[in-house]
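Below is one structure, written out as structure tokens; the observations come after it.
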Amino acid sequence: MSAAPVLKVEHLTMRFGGLTAVSELSFDAGRREITALIGPNGAGKTTLFNCITGFYKPTVGRLLLTHSDGETFLLERLPEFRIAKEARVARTFQNVRLFAGMTLLENLIVAQHNKLMAASGFTVLGLLGSPSYARTERSAIDKARYWLDRVGLTDRADDPAGALPYGAQRRLEVARAMCTDPVLLCLDEPAAGLNNRESAELNGFLRAIRDEHGISILLIEHDMGVVMEISDRIVVLDYGIKIADGAPAEVRNDPSVIAAYLGVSDEEALTPQAERM
Amino acid sequence: MEYFVQQLINGITLGSIYGLIAIGYTMVYGIIGMINFAHGDIFMVGAFLSLIAFLVLVAFGITAVPLALLIVLLVSMALTALYGWTVERIAYRPLRHSFRLAPLISAIGMSIVLQNYVQIAQGARVKPLPPLVQGGYTLFEGNNFAVRLSNIQIIVVVSTILLMAGFSYVVARTRLGRNMRACEQDLKMAALVGINVDRTISLTFVIGAALAAVAGLMFLLYYGVVDFFIGFLAGVKAFTAAVLGGIGSLPGAMIGGILIGLIETMWSAYFSIEYKDVAAFAILIIVLIFLPTGLLGRPEVEKV
Amino acid sequence: MSDPSPTPSADHPAGERDDLLAALKEAVVAAAIAFGLFALLIGIRTEQGPSGALVIVTRFGALAGFVAAAFVGRFIFAIARHRFTVPANFIVLPAIRKSAAAFSPYFALALLIFALLVPILFYRNNYLLDLAILIVTYIMLGFGLNIVVGLAGLLDLGYVAFYAVGAYSYALIAQDFGLSFWVCLPLAGIFAAFAGLLLGFPVLRLRGDYLAIVTLGFGEIIRLVLLNWQNLTGGPNGISGIPRPSFFGLPFNSSAHGFAATFGLHYSPTHRVVFLYYLILALALVTNWVTLRLRRLPIGRAWEALREDEIACRALGINTTTTKLTAFAMGAMFGGFAGAFFATRQSFISPESFTFSESALVLAIVVLGGMGSQLGVVLAATVMLGGFELFREFDQYRMLVFGAAMVAIVIYRPRGLVATRTPSVSLRQRKDIPADIVRGARTESPA
């Protein structure tokens, strides 16, 4: 079991023409921990996610992912699908990206594509009806059913994903990401649009993923209730620069964090945001 | 050298005609995201309308060329614009909120309708017109080759420049242009701020058709012959030009048109005339490999 | 179908007069527009005069007729609109949708049985047999394009290129190497698949509309190359004398070793036609079976996921490049098979058979059938080609009506005849998904 952090971000800089979205960002995401990324809108959080998951190519910097068996991956060099497939980094999107015209079950089966593809002998064996493929497909359906149960969507397994209400769509996206057996799960605002009860359920769900399945989680979130409740570590960004990095208690009281969010004078800065909720 | 300059002149003239048609494609694509497959046939209709208008004027005894040209231009633009408007109303507006491929199929159907309509109404044979605009200037000579700039070529290029300038002005400065740009950015929002989206879209089609009519008239004068099938090839090439220049970009359409005209002329002059169309497509494919959104197209940084 | 609910204006003469005036106004406008549209193109006809130059012939009668028709038609339409409220389509459609879903398996089975019996039912009628062969050929082309456009959502406007590559490679191999149909057929398919890969590579990064024009260009390039590469393809003269099909070695002629003689039958040229029919039917059925199987395999699901959201696919570890290339190659291969069949059936091929109109027709079949639906392809091909043949006497007007019908059908049912998608796997109950939720082939990437 490797002691190294699951993800090491080193001097990451992302420039779009004249605009610098992320500048000299370095932090570690701990293994089997929940690391939260917070910051005002436009701070560069989703950009960071896109760099980690290979949708953007960083201008400068290194993204080192380490599996528990010690195998390492340089994420800045890999195309997105290989990051997902080999480095096993899964993600959800700010604007939910489901396969709307396919059922919930199909969405989760597609997530297990690579495993099924190999079992079908790149289609050839599958076409011929090989029993080993049938077995792999059945286990894929079982895994899908497991995650549907965990997010409470089993009843709607055969409904089109596009027909789900917003909150359910977000939960399905997380379930779909889990079906890829990730080592690192990147969630982009999973609590957006959830009410208090649903946020509490989400908290429980994320903690369970971390504890029962040993998955490391990287989380972008604006909901401070969720963030303070479940994070093991918080990284704060503002204008693409890291302004704080530590345990929730430290970050909560950090004046620069408060200033970044609220931009007020020192007197008012004393009441932590989380308690006001 | 002299030969090259001549091809340059010819290529730019042909390219201007393509550019005028390409503008129609790029505008419609920019505003409602559809490939108006029938646009090439609108160009063909414009050419036919010009032809018939000329013959009618001659029958009425109006033979003074400048006057006849002016009347034909106005009549052709107006009536072709009417065709553009009608096609949009009948075949595209009902599908505006439908899924992407539906208007495309409708456009293909409309293209078939227009081609056959003209074929039935006017007969399938090629229609010649005696050259109306004659003469030109010999620019310079050398190597036994005289570089000629004909009057019709001047007319084509000058009209194109004027129309481009006028149209750019409309898009940049007038209310209509603003409305069009707003609709291009976000159709729903434009409707919410009170822009009459239906009318703006109709006007886009109308203007595109009018420009195609001018191209049709120019084509008629330049080549002296029209038939019901010219719409397809010119349309495909003009659409190629629009994509090459970056679809949605007005200057891109013109540049793309000129480029395609030049490629076609140069290729047939220096290599082989049979493969000139292949050359145009091949260049397009090569450009798109390196610039997936065309020359002046907005580079797509897809929001993830 | 419309629900007559008389408006209150029937009781108020003033209101009724207003209706009439409004309708009159609409009719006048329609007539004016009709006049503008038709004055020059219909009112006047250009013809070749005695000296070769064009002369004008007036047809004001026809023009008046059209304008009058527009006036009257619009007037009636406007009146009817005031009198009756036409319910939106959704009263009619769900009923059709439900019954379609219920009938589907039986309907498909019935169609299959009918298809198998066609040669027996129409044995005496060569014309109908030929028509049947034509329809099934286009059904097969539709199945092939369905993989690219319907499943993977890649807008291919140049599908005829693979049809052509299949036909020409079959012709050349069969002629030059004298191999049997069963050897040349897969070879033709391989050539076509290769062409599919060739097309696939440059278009990998392109958005929907750019993809469309490049594929169209590709189709045209193939046609122009076939037209001009005289040494290889015979140019505009095409290739003739392509070996006719034989019944596994037994030729379809009246000789003693012929098919008829071997089976103790009276020789008849219809034998070959029937054989050709069953051949193309078999090919189409194989294509159908393969497609249905592939839909349930990871590659098929990946195609459909690609259509729905390419970025999500990449985020799940799917190699979208190979997925797209496989779609192109598979679709092209089936097109190539159809082309090979075409070559052996016609015994003569030329570039004229492989124009953009063919690509457009096959695309229309796929879209009007209902994207991704095999049954839809069958229905659309039958309706469109059968309908086209039915109007044979109308000659010139046929194409015009065909185009107009295309427009009308797509406006009435934009999602196609079979507007549902059947999921490839289900937990408890397979429920069809209405087509409006399904993403069609896109011409614009999501913001």
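The first chain written gets the first letter, and so on, giving A, B and C; residue counts start at 1 in each chain.
We take it that a contact is a pair of C-beta atoms (placed from the backbone, for glycine too) under 8 Å apart; a residue touches a chain by one contact, two chains touch by 3 or more.
All values derive from a computational prediction rather than experimental measurement.
**Q** Farthest chain from subunit A, going by mean C-alpha coordinates, please.
**A** B
**Q** Which pairing of chains gives the most C-beta pairs in contact?
**A** Ranked by contacting C-beta pairs, first place goes to B-C.
**Q** With chain centres taken as the means of their Cα atoms, state the distance from subunit A to subunit C in Å.
**A** Once rounded, the distance between the two centres reads 44 Å.
**Q** Counting in whole Å, what is the centre-to-centre distance of subunit A and subunit B, each centre being its mean C-alpha position?
**A** 49
**Q** What's the distance between the Cα centroids of subunit B and subunit C, rounded to whole Å?
**A** Computed value for the inter-centroid distance: 28 Å.
**Q** Two-or-more-chain contact residues of subunit B, please, as numbers and ranges.
**A** Those would be 303-304.
**Q** Could you list the positions in subunit C whose residues touch two or more of the other chains?
**A** 311, 439
**Q** Residue numbers in subunit A touching 2 or more other chains?
**A** Subunit A, residues with two or more chain partners: 55, 93.
**Q** Taking the touch rule as given, give the residues of subunit C at its contact with subunit B in the complex, in rising order.
**A** My answer: residues 33, 36-37, 39-42, 44-48, 53-56, 149, 155, 202-203, 205-210, 212-214, 216-218, 220-221, 224-225, 227-228, 311, 356, 360, 363-364, 367-368, 371, 396-397, 399-400, 402-407, 410-411, 414-415, 435-436, 439-447.
**Q** Any idea which subunit A residues touch subunit C in the complex?
**A** 53, 55, 79-82, 84-85, 90-91, 93, 97-103, 105-106, 109-111, 113-114, 116-117, 120, 123, 126-127, 137, 141, 145, 148, 154, 157-160, 162-163, 176, 180
**Q** What residues of subunit B sit close enough to touch subunit C in their complex?
**A** Contacts found on subunit B: 29, 33-35, 45, 48-49, 51-53, 55-56, 59, 75, 78-79, 82-83, 86, 90-91, 94-95, 98-102, 104-106, 108-113, 115-123, 125, 127-130, 232, 236, 239-240, 243, 247, 272, 274-275, 277-278, 281-282, 284-285, 288-289, 292-294, 300, 302-304.
**Q** Within the complex, which stretch of subunit C touches subunit A?
**A** 290, 293-294, 297-299, 301-302, 304-305, 307-309, 311-320, 421, 423-431, 433-434, 437-439
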